[in-house]
Each structure stands twice: as C-alpha cells, then as structure tokens.
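Both complexes shown next keep subunit A, but they swap its partner, so subunit B is in the first and subunit C is in the second.
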Partner chain A sequence: MNNTIKQVFRSPKFLVGFIIFSMILLTAVIYPVIVRDPPLAILGQGTFFEPGVYVSTFDTFQAKRYKLDLEDAATKRIAARLGPQERQDLKAWLVTAGVPEASIDTSDTTALMDLWVNTYDPAKSEGMTSAKRNYYERLDLSLKGILGTEGVIIATTNAETGLLEESDSFARDDFVNLNQIPVVRVLPLGTDNFGRDMLTELIAATRTSLLIGFVAGIVATSIGLILGLMAGYIGGIVDDFIMFVTNLFTVIPSFVLLILISFSIGQESRGAFTIAVVIGLTSWVWTTRAVRAQVFSLRNRDHVNLSKLSGHSIFRIMLKDILPYIASYVVMALILQISSGILAEAALSILGLGPKTTEVPTLGLMMNWAMIYSAHVTGKWWAYIPVLVDIALVSFSMNLMNTGLDQVFNPALRE
Partner chain B sequence: MAEESKQERKVCLRGTNLTKRFGFGRSQMVAVDHVDFQFYESEIISIVGESGSGKTTLAKMLLGLISSSDGDIYFQEQKRDIRSQKKKKEYWKNIQAIFQDPFSSYNTFIKIDEVLLDCINMRGGKKLPHAKKVELMTEACSFVNLKFAELTNKYPFELSGGQMQRLMIARIFLLKPKILIADEPTSMIDACSRATILDMLLALRKETGMTLIFITHDIGLAYFVSDSVYIMERGKFVESGTADSVILHAKEAYTKRLINDVPKIHEEWDLSTV
Partner chain C sequence: MKGYRQYFLKKLGWLMVTFVFAFMLNFILPRLMPGDPVAVITQKVTQGMTSQAGVTKIYEEYSELFGTKKPLLDQFVLYITNVAQGNFGISFSQYPRPVADIIGDAIWWTIWLQFPAILIGWLIGNILGALAAYLKGGFDKVLMPSSIFLSNFPAFGMAVILLVVFGITLKWLPLSGGYGFDQIPNMSWEFVWSVFLHYQLPFWSIVIISIGGQAIGMRSMAIYELNADYVKYSRFLGIKDQKIIAYVFRNAMLPQVTGLALSIATMVGGALVAEIIFSYPGLGNTMIKAITGQDYPLISGVTLIVTLMVLVANFLIELIYGLIDPRIKATQAD
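And then the complex of A and B:
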C-alpha cells in the first residue's frame, strides 16, 4: 500500500494535478476562515464594478493632507482624460486646421497637448456641424481646466439660511496617505451583477461545486460499483437484469435525463445537494459496465476459487478477493466522476436548471448570472473569465491525476 | 494396503453421465462429454489427457465451482447437494484442491497467516486460543519444511513458486479433507521442487488416508503414483483401469501416443506423433 502511494507520487502528471487540485482545495477551505464575509452579501449599489482598490471619498476629505510637488501630475491627469477616441478627435481637428498629419503623434500626450493649446481656435472650426463645433469647445474647456492651477472648494448647506458656505478647499498638489484612510475595500475581481464581491463569491462557489462533484461522484461510483460487482460476480439472471437496466440508461442520453429530472423537481426544492444526488443518479452507467467487465475477468481466477473453497461468503469474496484488485480502477473512475459531476452542474446551471439561486453560489450559477446580465457582450470579463479558469483548472487537475494514476496502474501505458 | 483390500472398498465419489457444455447453438462446445467414474476411498487416481481435453473442467465440476450441464455426482453414495452456501461449505470441508499456478492461487492482498487461519476456522477451530492456533500453523508449516516464524506477517508474493505450492499443501494439512484434487500441482515448478511436492502430497495422503485425484498431462507421473488411471480425450474417458493395465497394456491409440510423448533420456524422442 505504502509502496503504491510512493509510486503514484513519483508520476509527474499525477503530482502536477495533485498540487493544482490541493491548492484549489486549500484556498476553498482556508479563505472563508480568514475572510468572514458572507459570500452572497451585496456590497455594490450597481452592477459589475471593475476590479481595483475602492477608497472612500468622504474619508479622503477628512484625512490629513500632504503637499507633494509632482511634475508629471498634470500630464497624468490629461492622459487619463484623453482616451483613444479623444486623441483621434484632436488629431482630426488639427488635420482640418492645416497641421501636417505626419507631425501629429497621438501617443505623446505632452506634445499633443502643446500642439492643441497653440493651434486651437474655435473660429477655425468652419465647415463642421454645430454639434461637432460644440464638442470641440467642451473638450478644449475641460482640458484647460485640467491644465489650470486653481483647487476645488467643498461647500456645505447652512441649515439656517439655506445658503452654501465654503467649508473646505483642496489645492491640486494636496495628497492623502492611503494608509491613513480607514475605509478601503480591495475588490481583486470586482463585483458581479448583484454587486457582490466576485472573489469571495468565486471561492465559495468553488467549494460548493467541489462538494457537488464529490457527492455526485461518490453516489455514481457506489451505484456503479455495487451493480457492477453484483452483475459481474453473481452473473446469471442478476447479471441479465442489471445489464438490462444499465442498457436502458445507456440508450437514454444521461444529460437529457438530468435536465428532465432537475426540471421536474422544481426550482424551489432544488438545493445543491439534491442536484448533486441527481447528477450521481444519472451518471453511474459506464462505471457499472466497466466494473462488471473487470469482475468478469477476475471471478474465475484461482485465488477466487481458493477463497470459495475456504468457505467464504459471496459478500466477503467480493469485498476481499475482488474489490482490492479493481480498487485502483475504481479510484480513477471516482476522480473522473467527480470532475464530470462539476462540469454537469455547470452545464445544468447555465441552462437555468441548477441549484436555486438564493442559498449558495456555484460555478455554474455564476456563469449563468454573468450570461443573463450579458457580461460577455458588455466586456465585463471579470464576471466570467475567472469562473471559466476555475472550472478549467479543477477538471484539468483531476484529469491529470487520472492520467497519472492510469500510467502507474496500467503497465501498457508506462513509458 | 493389505488390510484395506480385505475390506469392502467404499466408493467415495461417483459420477454418472457427467456433462459440461459451454455456449449455445452453433458455438456450443462440449468440454466434458458423458463421463462415468468411481473413485474409492484412499485411492490415488490420475486423470490424464492433453491440453483442452476437459480435465480442469471436470475437476471444477467435482469441486462444485461450476455446475454440470447434465449428469449426477454422488458423494459417499449420496447425491451431492450444494444448493445453498451452507451446504457448499459443508461439502468443501470434504473436498479441497491445489491449483496449477501457485502465483495466481493466492490473493495478493491477504497475508499468509490469514490464509492458514481460514483453514483452522473452517475446521471449527475459530474459538481456539491464539497460542493453539499458532501451534497448529507451525505444525502445518513444518510438515512442508517451511518455518512459520519466517512466514508470519508476510504476503504470498514474497515467497517462491515452490514455497507457495508447499504452503498450499500446508493448507490441506490443516483442512484434512477426504478428497484432494491436485490440478497439475507441479507443472509450474522446477524439476527439483517437483519431487519434493509429490513426496509431500503422498506423505500427506498416507497420514490422512484421503483420496487423491491427480489431474495431469504427464502419464509418467500418473504411472508412478496412481492406483487407477483415467485417460481423457476430448471430454471423454477413453480408457480406465489400474495403472498397470492402462499404461503397460494400452489399448487405445491415444494412450499409446501419450506414452510415447514422455521424453526418455536414452532413446530418441519420437516427434512424429505430436
């Protein structure tokens, strides 16, 4: 036994798969201990906040101010104001005003601004629609605002007179230290359509999906193992009956069956566990067939005959003389069943037939939400790419472990 | 022997019309074809035949590991009844086997101790104190020239082929069945160990007075050890009788061919009949 485990861990494929899988598993277990936020708590008042560090504006007003002389502050502000579209617009105006196209470099913010400030004159905007003329005037104004030096005044309403009174002001070279701001929230993966923290939700979802996979895998493998052992070892009419049922399930595509069962259970009673059991109940077929075939070749071996002659019961022979010989195969089947259970849940949830949405997030449900709120159309990549990568990593690591095990236990595949 | 011959010889195992068919329809083949036999108590019987003649199938039917398609088996003049697990267990207290390939006869995952303990339990020694069990196992092992102290807590695959087969005999020593079927017990073992194994089997028979049924393709061995010999060809007994009458005065061409196939050191080996 020890030897076998050593041998398994010497297989590089198994090792890589095992490391990826245990890292995912560890994150799913440890993260909720450290970050105790409920995964479904709604933080954002809006949909799909970008990943980043969120700083309270109110706190920045209150915080201690520092004066810093930064030369490139204005350039950076302008660069942030000038998107690719604005840059193209500036260039278009300059070209119509007679500046040679070759001398305009839209990527050099300072040079572009100099050129613009020196050449721009509203009178030169002839031949343009008035909407276009107004657009350029507004753009020029906002850029000049950024180039200026005056600060910002904070005014509060006087409760008695109802007039605005200056309460505070900022200069352009005022800074606050981020460490002194009490309320900062890091959203490494932004928020989803409901305004939930994506990272917390993703990790909770990984946990649920893994659990669904385990339950589905264990249900499917146990049914497959028990039926396969009985069919293969007892044979005769028991075998005929089990194979009849198995063939029946083979002919009906299991995914269609899964959809029908999930649908008929109804949204209200579809918990994660129910879905897992349903997935398990529809995917035992090939395990049964494979186990039966293996047992068939084992049951006439001499050691089984000897065990019979020693007066052992059928149950004991199955457990001690047959099961250990197919154990490695069963473990491999279990790993594949877990991985396909996770994928089946994802597929089911995409169709809107997954676990009900109010209790737990699952990887499939997260994809479903992202799809319903058209994250893929509006370019909110953080709502679905991390989920995709997560699903891919989980099933990749499991398949890798399986291949590694296969190489260890199947001498024909050894290099 | 002299004493035994005076008594009425008791029939231990009898078969009438015993048949085994595999498959259905056109692919059907008859492995054992309506054979009749009578094995007496304490007799050594050899069933000789070439590969595929149905010897092993017959042995498995006698052991009750596979069912017969036709015919009956009588154990001690009673029709054999092994329809329930309990009756089977009772039957297997009386009939045991040693298989051809010692390497595949043991469960790789079960320690040697457990193999031997199973035998003690089967003989009703389940409640014996542990020391007594160890004593029994040590005795059995020393009968076959093995040291139990060296074997305990080991797995069968850690032994050599000869040791495994000897352990198999130790198992029989503990079980003391009335009938032992030895299905080519020496064919997978080197020539030196072969004689030892045979000696041990014969010694065991002498001690327990069990009926010994050799299944073999080696007619030389059959002549050397047996009281009666059955020659099997394509599922049928073509010739049977005492070893002397069958082998020294062979009538059937098949028997003669089997005899000619035994390699002889001082003569040229006749390959024309193969």
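And then the complex of A and C:
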C-alpha cells in the first residue's frame, strides 16, 4: 500500500494535479476561517464594482495631510482623464486643424497634451456640429483645469443659517498615508451584480461546488460499484437485468433526466444537497460498466475460486477478494465523477435549474448570475473569468490526477 | 447481407425499447414528484386574482386539459395518443403557440449546429490523438495536457471565451442569435451569409470542446495498438511505416466509433448549454425559455425530442459501425 502511494506520487501528472487541487481545497477551507464575512453579504450599492482598493473618501478628508512634490502628478492626472476615446477625439480635432496625422502619437500623453495646448483654438472648430464644438470646449476646459494649480474647498452646511461655510481646503500637492486611513476595503475581484465581494463569494462557491461534486461522486460511485459487482460476479439473469438497465441509461441522455428531475423538484426544495444527490443518481452508468468489466476478468481467478471453495459468503468474497483488485479503478472513477458532478451542477445552474439561490453560492450559480446580467457583453471580466478559471482548474487538476493514476496502474500507457 | 440484416434488426429493436423507456420516464418522472403541477400552474396564471370561485374554475379546467384527475394509466394512454399525433400541447409561455410548432422551428438549428460540430471535433480529435501516439515527444507533451484541459472545460465556458474574444474584443463575428436582427429568413445570399457568420462561434466552441476527449481516447487506443504483436511482426517483415500506421489507425478507430455513440448523449447536453450563451435559436434556447417561463408542456416536449435525437444519432452510428467492423462483416459472410 505504502509502495503504491509512493509510486503514485512519483507520477508528474498526478503530482501537478494533486498540488493544484490541494491548493484550491486549502484555500476553500482556510479562507473562511480568516475572513469571516458571510459570502452572500451585499456590500456594494450598485453592480459590478471593479477590482481594487476602496478607500473611504470621508476618512481621507479627516486624515493627516502631507505635502509631496511630485513632478509627474499633472501628467498622471491628464493620462487618467484621457481615455482611448478622448485621445482619438483630440487626434481627430488636430487633424482637421491641419496637423499632419503622422506626427500625432496618441499613446504619448505629454506630447499629445503639448500639441493640444499649443494648437487648440475654439475658433478653428469650423465645419463641426455645435454639439461637437461644445464637446471640445468642455474637454479643453477640463484638461486646463487639471493643469491648473488651485485646490479644492470642502464646505459644510451651517445648521442654523443653512448657508455653506468653508470648513477645509485641499491643495494639489496634499497627500494622505493609506496606512492611516481607518476604513479601507480591498476587493481583489471587485463585486458582482448584487454588490457582493466576488472573492469571498467565489471561495464559498468553490467549497459548495466541491461538496456537491463529492456527494454526487460518492452516490454515483456507490451505485455503480454495487451494481457492477453484482452484475460482474453473480452473472446470469442479474447481470442481464443490470446490463439492460445500464444500457438504457447510457443512451438516454443523463442531462435530460437531470433537467426533468430538477424541474419537477421545484425551485423551493432544490437545495445544494438535493441537486448533488440527483446528479449522482443520473451518472452511475459508466462506473457500473467499468466495474462489471473488471470483476468479470477477476471472478475466475484462482484466489477467488479458492475462496469460493472455502465456503466464504458472496459478500465476503466481493469485499476481500475482488474489491482490493479494483480499488484503484474505483478511486479513479470517483475522481472523474466528482469533476463531472461539478460541471453538471454548473450546466444545470446556467439553465436556471441550479440550487436555490438564497442559501449558498455555487460556481454554476455565479456563472449564471454573470450571464443573466450580461457581464461578458459589458466587459466586466471579474464577474465570470475567475469563475471559469476556477471551474477549469478544479476539473483539470482532478483529471490530471486521474490520468496520472491511470498511467501508474495501467503500464501500457506509461511513457 | 443476412448477418447485417440481423444486426440491423437487433439495433432497431434496441432503438424501439430505449425509446419506449425514455418515453415512459419522460411521462412518469415529473408525475412522481410531490406536489400538484396543476396547482402550481394555476397559481401562476391566477396571480392577482381575488375571486376564489374563479381560481377553482381555472384549476378544474387545467386538470381537465391535462387529465391529471384520471388514473395514471389513462393519463399515459392520453399522452401517447397525443404525442403520436404530434400534439405536445399548447405552450404556456408562448400562448397560444403549440409546442410542436415551437420545437419544429428550433430543432433544425440544433441539428445543423450540433451534429456537424460533434463529427468534425471527433475527426480532428482522432487525427491529433493518433499523431500524438505516433510522434510522441514534444507534440505529445503539448497535446496531452491541453487535451485533458479542453476535454474537461465546460462547453459553456468555451462559448463565453470565444464570444468575448472574437465577438466583443475583436468584433469579427456576431454575438448572438441565428441570423442578423435586421434580417427576415429568406433565401437571399445576404441572409445565408448572415446565418453563416452567426454559425461560426457556436460551431467552433462545440468543435474545440469535442476535440480534447477524442484525442485522449484515440491516443491511448493507438498506443495500445502500436504495441500489438501484429505491428512488431509487420516491422520485421519490412512493411512500410505508412502502411502500418494505416492499419493501426483503422483498428484504433473502431472503439472510437463506439466511443462516439456512447458519448454523444453527454456532448449534446453540453452543446445545448453552449447554444444558450449565444442565444442560438435552437433547442437549448427553447429549453431555457421554457424553464424560466415554467412552461411545463414545452419542457416535456423538448426533453422528449432531445432524447429522440440522441437515440437516433446513436442508432445511425451503430449502423455505420456494423458496416465497418470486420467482425460483423465476417458474420455476413457465413
């Protein structure tokens, strides 16, 4: 046994898969211990906040101020103000004003700005619609505003008179130290369409999905193992019957059964556990076939016959003389079942037949939400790419482990 | 041809049996569940209604329509007679369109999308797998992990990625639907071109997904065959490598054909979800509309048709297998 495990870990494929999987599993277990936020708590008052560090504006006003003299501050502000669209607009104006197109480099902010400041003249905007002309004037004004030196005034309403009174002011070279600001929230993956912290949600979802996969895998493998053992060892009419049923369920798409059952159960009683069991109940055919084939080749071995002659019960023979020989196979089947269970849940959720949405997130539900709120069309990559990467990594790592095991136990496939 | 006829009849019989069974499941499964579907439907229809008598009347009418008050056996007979006449009932969500009409519109999109895609994916996968087994080395080292990755990547994930890359970022291809919004189905070149463009993304997402699993299967089959005695013997005899490869490919192909028959059910399931991502006007999209609309007759109709499609595809593959498997040919000669 020890030797087998050593051998398994020497397979590079298994090792890589195992490391990836362990890391996902560890994150899913440890992260909730450290970050105790409920995964479905709604933080953001709005949809799809970008990933980043969120600093309380109020606190930055209160915090201690430092003067820093940074030369490139204005350039950076200009660069942030000028999106790709604005740069194109500036270029378009400059070209109509007679500047040769080749000399304009939209990616060089300083040069573009110099050119703009030197050339721009509202009078030259001839032949443009007035909306366009006004747009350029506004753009020019806001750019000049950034280039200026005046600060910003903070005013508060006087409770008695109702008038605004200056309470504070900022200069352009005022800075605060991020470490001194009490309320800062890091959202490494932003928020989703409901304003929930994507990272916390994703990790909770990974955990639920792994559990769903695990339950589905256990159910499917147990059914498959029992039916396969019975069909393979007992043979005869039992075998005929089991194989008949198995063949039926091989050609009838399990996906269809899954949809029918999930829909019939109804939204209210569709918990994560129920879904897992249903997935397990519809995906045992492959294990049954494989186990039966293996048992078939084992049942006439000498040690099995000897056991039979000694009068051991069928149950004991299966447990002691057959099961150990197919154990590696069953483990491999289990790994595949877990991974396909996770994928089945995801597919069901996309169809809107996933687990009830109010209790726990699953990877499929997160994907479904992102799709419903068209995160992919509006470019909110953080709402679906991490989910996809997560699903892919989980199933990739498990299948890599499976291939590794296959190569260890099946010498013909070794390199 | 006697042997093949026997084989054909056997497979045809099996098709019948599986269909009857699938048909029964389609009928029984929803009825086994606790709760009264008619009550749920009535509740939806009568939302906001205050008259209790009215609600009761609607409930009665629906139970009459679906025959839920009758014994199960009578219901089954009613169901069979209806389906045999192509009558799947009236859709709730797209009232008053008959379900058969909705499915009739959607099914050809799905068939023309999925079966070519699965076949081409299967072919490419097999060729790559055989090459990996034969060439080994670097090619194998790259192909294997990427195949494992692809074969376990969900079809909807591939659909989303292709959509974002080619549809949104590069803007090469349209995002959704089966043809342009500005088009009315007709036989003009413009329309055909629009359909062709809309076909690309769903098609390739299914193809890419199917490649992985097939490549892995073919690779291990081909490795197994390459180590077989007849290959070594042929080498001793000095038969050309190319000729040997052809033998190996043919032998390794046979289990792959069976493999296609066995996995087509899973593939169709994944591809249906991929359709949804692109709002392709096929059965996948009909299905999700039916589910969101709690459209019971439509769901039941779509699941039955998808099952039938898979069973027939399976049957056809088995028939082709019978033609190319020398063992069945041998029984024909007897």
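Convention: the second predicted complex is superposed on the first by the 415 of 415 C-alpha atoms of A that agree within 3 Å, B and C clash if a C-alpha of one lies under 4 Å from a C-alpha of the other, contacts with A are read in each partner's own complex, and residues count from 1 in each chain.
Heads up, the rule we're going with is that a contact is a pair of C-beta atoms (placed from the backbone, for glycine too) under 8 Å apart; a residue touches a chain by one contact, two chains touch by 3 or more.
Just so you know, these numbers come straight off a predicted model, no measurement behind them.
Peer 1: Evaluate whether subunit B and subunit C can sit on subunit A together after superposition, giving fit or clash.
Peer 2: Here subunit B and subunit C can both sit on subunit A without a clash.
Peer 1: According to the stated criteria, A:Met243 is in contact with first (subunit B), second (subunit C), both, or neither; which is it?
Peer 2: So A:Met243 meets neither subunit B nor subunit C here.
Peer 1: Answer with first, second, both or neither: which of subunit B and subunit C does A:Leu40 touch in the superposed model?
Peer 2: neither
Peer 1: With the two structures laid over each other on chain A, which partner does A:Ala92 touch: subunit B (first), subunit C (second), both, or neither?
Peer 2: neither
Peer 1: Classify the contacts of A:Gly266 with the two partner chains as first (subunit B alone), second (subunit C alone), both, or neither.
Peer 2: second
Peer 1: To the nearest 10 degrees, give me the subunit B-subunit A-subunit C angle using C-alpha centres.
Peer 2: 60
Peer 1: Name the chain, either subunit B or subunit C, that contacts more residues of subunit A.
Peer 2: C
Peer 1: I'd like to know which partner A:Leu281 touches here: subunit B for first, subunit C for second, both or neither.
Peer 2: neither
Peer 1: When the two complexes are placed on top of each other via chain A, what is the minimal CA separation of subunit B and subunit C in Å?
Peer 2: In the combined three-chain model, subunit B comes within 12 Å of subunit C at the C-alpha level.
Peer 1: Take the contacts of subunit A with subunit B and those with subunit C, and give the residues found in both.
Peer 2: Of subunit A, no residue contacts subunit B in one complex and subunit C in the other.
Peer 1: Given the complex with subunit A, which residues does subunit B contribute to the contact?
Peer 2: 60, 63, 65, 85, 88-89, 92-93, 96-97, 99-101, 104-110, 118-119, 122
Peer 1: Touching residues of subunit A toward subunit B in the complex: what are they?
Peer 2: So the residues of subunit A in touch with subunit B come to 301-303, 305-314, 320-321, 324-325.
Peer 1: Which of the residues in subunit A come into contact with subunit C in the complex?
Peer 2: It comes out as residues 247-248, 250-257, 259-261, 263-266, 339, 343, 346-347, 350-353, 367, 371, 376-377, 379, 381, 384, 388, 391-392, 395-396, 398-400, 403, 412-413, 415.
Peer 1: Under the stated contact criterion, what part of subunit C meets subunit A in this complex?
Peer 2: 14, 17-18, 21-22, 25-26, 29-30, 32-33, 35, 40, 136, 144-145, 148-149, 151-154, 156-157, 160-161, 163-164, 168, 175, 216, 220, 223-224, 227, 262, 265-266, 268-270, 272-273, 276-277, 287-288, 291-292, 299-300, 303, 306-307, 310-311, 314
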